[in-house]
Amino acid sequence: MEEKVIICKDLTKRFGEFYAVNKISFEVNKGEIFGFLGANGAGKTTAMRILCGLSHPSSGEATVAGFNVYKQQESIKKNIGYMSQKFSLYENLTVLENIEFFGGVYGVPAAEIKKRTTQLLEQLGLTAEAKKFVGALPLGWKQKLAFSVAIFHRPKIVFLDEPTGGVDPVTRRQFWDMIYAAAAAGITIFVTTHYMDEAEYCNRVTIMVDGKVEALDTPANLKTQFSADNMDQVFYQLARRAQRSGD
Amino acid sequence: MSAVLLDHITKTYDNGKVLAVDDVSLQVAEGELFGLIGPDGAGKTSLFRILTTLLLPDKGQAAVRGYDCAKDYKIIRSKIGYMPGKFSLYQDLTVKENLDFFATLFGSSITENYALIKDIYEQIKPFNDRRAGKLSGGMKQKLALCCALIHKPEVLFLDEPTTGVDVVSRKEFWEMLRQLKQQGITIVVSTPYMDEAMLCERIALIQGGKIMSVDTPAAIMAQFPVKLYAIKADNIYRLLTALRTNPTVESSYAFGEYIHITLHENATIAGLQQQMQREGHTNVAAKPIQPGVEDSFIRLMNQA
Amino acid sequence: MKQFLAFIRKEFFHVFRDKRTLLIMFGLPVVQIVLFGFALTSEVKDITLTIVDHARDVNTRQLIGKIKSSSYFIVSEAPLDDNGIADAFKKGRSRCALIFPANFGSDLQHGGKAQLQIITDGSDPNTAKTVINYISAITTAYQQEVSPAARLPYMIVPETRMLYNEEGNGSLNFIPGVMALVLMIVCTALTSVSVVREKELGTMEILLVSPFQPLMVLIAKAIPYLILSLANFILILVLAVFVLNVGIKGSILLLFLESMLFIITCLSLGLLISNTTNSQQTALLLSMMGMMIPTMIFTGFMFPLENMPLIFRYISNLIPSRWYFLVVKAVMLKGLGFEYVWKETLVLLGMTTAALAVALRNFKTRLS
């Protein structure tokens, strides 16, 4: 049996009378690229916050990397990486300083930071830019660097919240190459995106509507199930049914 | 007379250190739905700000409906509608108060041009007394569009109106634009989403401050110089890695469940398919396909 | 005009829907008045005084009685033991001590010359000095009572009188200062933040692109804050009169007009700040640090300008609140008319014109 790194069972988050996340259940395998889709207000962000150990669920069970989301939030945080389009790196620190800082935050030993940094800069082709401020880098490079930093401490799972928004099509694909490579190295990828073609790159895709998981399968099976040509149509068919909307 | 004219426009920031727009020329015809397609940082917003008279270009001339963007800025300001990329209305005012304010600001009223905004406004009217900050992304965007339309502009500039908005709202939004176009309003819209390019009549592909191509989406796709194939196998990532090192493959990019590839001369897709199977890839399937805007964009980017 | 009114209405919506703005606007004056009025007065009151009386004669009894009857001291009489004094000082029970030697009365009556010892807490030199002055004054007065003037025919008796604040109300000097400070902070900070907020929101782009005159945007932004600041000014006056019992001696109309002028100065500075910044934090920091600190230091209500090095005195001339402070002191506390403050008014007027001109000139009809 495959190792499960995220297990959710009837996970619920309620704000007063409003069920932001309503009894969602799913499991994510080790090394899987797991797409997490949904319209604005479907509850994606809330669910992701719970899984990252940032917020307590109202009811239900969930473990992330083997740790309980109620009691072991600190252990969860040590074992995951996180990157979003909005928050990634400190623009007024250099590339090197950013890597050292985040490596240090996650308790990577100094010698190890040094070794991995050299390796990372080489892979990204950023060795010459190591002493430049992150703010001066083009957006595409920033995003790639941010991803590398998010997996710098070799987390079991990395959560990516719309990592490729606004990035040019070539860089976007280079970014996905990095995701594939990380997955092949055994890191589980949990990713949200607005680009439906990116949903196709995922091993399995969840689509949330109004706080519930309305679909969960491989892209190919979902397309068959909804008799659609592509994921865009699948998503549209589901999201159109949404009763509520919000951010 | 063209609705929008850009003639050799160059714009730099930080005393010439950052080149945002590099010698851009293009024209938008009256009543056209024109798309500026490009990623963040391509120079789209700078072009919008020049056209809406908010910035002066370093070099070149810009005009809207024949009025010069530098000299006749006052006239232009009364004739255009503009929705900036980060426009977020007044969060602490209600829907109605926002609309009223912008209507009055532009010397109009909600009732005066009601026909124009009717279809859009009726969708948000039930939330008239709700503060704009409490609206969903899709509704905010509709309200912002109403505010930009309220004075019946002749040319409408929309800077990335669909960024950060979900697929359903995006589709609705484009439907609204199509209807506005039918009422004779010239629309210039920018987007980082390549799939939205197909919804424009003509598009400009922009990257690094330069226009790579201006034409109808169909023409741009037809200009794709070589044959394009889509190929897939069970393990798509392994296939992609193999294709990258294969000498017969000129380019290979993941597109959803397929990989889009172009081949070097003398190579055949059948030959490649067989080779992949021999190398142990399972269920290899390949077919020739029509290139999309994104294929063209990538190709033009790589040529530059 | 319709646009203008719509704009002003919108601006009021912003203010009244934002609790933080309201708090700064109307909470700040109350806090400042209470703080400066009650807590930070320079007046010395209720000093704990320990008296050690070795003489225990008629004269010391009479003198102690005089000291007790003044409102400045809380007197405790220690046993006849000097060590008790040191102890009282260390434990903080006493801040000064008065010691009469055993033969105080007979020295005074026979030799005409008696000694007494005043011990004060030098770690607080200001209070110490004040205490010495108070006690000296009381003993001098007593001395005149007991020794008829005939014995010392040529004695000069200096009679001091504090003008304009005869009862020694310590909060008096602070009121003009607090008025200057509060108006400065509120007008400058709120105006600059409200303009910069539009930049952050992206609405500024729409305002600029609209046919509404860019200059009118600034003026329409300033007017609500002018009105609110005037309300604020009235609030401070009411607090001053009814809470701190500071009367307005001069013309209220003159005071009002001068304050309006000062408010416009501050608004212009706020607009000036908003021109140069693009984030609300920077705007707030600039108005707080850039305006509040110089106002506190250079206005003259906390630190006397006369004691400052020459260069600082020159700098203080550039601070608008310094001039407003002088005007308010003259009109409100001394009851003087316009003929005494026209110079200060002229300076303020000049500063306002300059600031407003620069602010309006720098306000861009475009983004950069």
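Points to keep in mind about this one:
A, B and C label the chains in the order they appear, each numbered from 1.
Following the convention adopted for this analysis, a residue touches a chain if its C-beta (ideal position, glycine included) is under 8 Å from a C-beta of that chain, and two chains touch if they have at least 3 such contacts.
Since the model is a prediction, treat every value here as computed from it, not as a measurement.
Because contacts link the chains only in sequence, without closing, their graph is best described as a line.
Greatest Cα centroid separation from chain A: this falls to C. The centroid of the Cα atoms in chain A and the matching centroid in chain B are 26 Å apart. If you average the Cα atoms of chain A and of chain C, the two centres end up 57 Å apart. Chain geometry summary: the mean Cα position of chain B and that of chain C are 59 Å apart.
Contact with two or more other chains is made by no residue of chain A. For chain B in complex with chain C, the touching residues are 49, 52-56, 73-74, 77-78, 80, 82, 84-93, 97, 100-102, 104-107, 147-148. Interface residues of chain A, counted against chain B in their complex, comprise 38-41, 138-140, 165-171, 173, 176-177, 180, 184, 194-197, 199-201, 219-220, 230-232, 235-236, 239-240, 242, 245-247. Only residues 2-3, 6-7, 10, 13-14, 17-18, 201-203, 205-212, 365-368 of chain C touch chain B when the two sit together in their complex. Note for the complex: chain B touches chain A at residues 38-42, 136-139, 163-169, 171, 192-195, 207, 236-237, 240, 253-257, 294, 297-298, 301-302.
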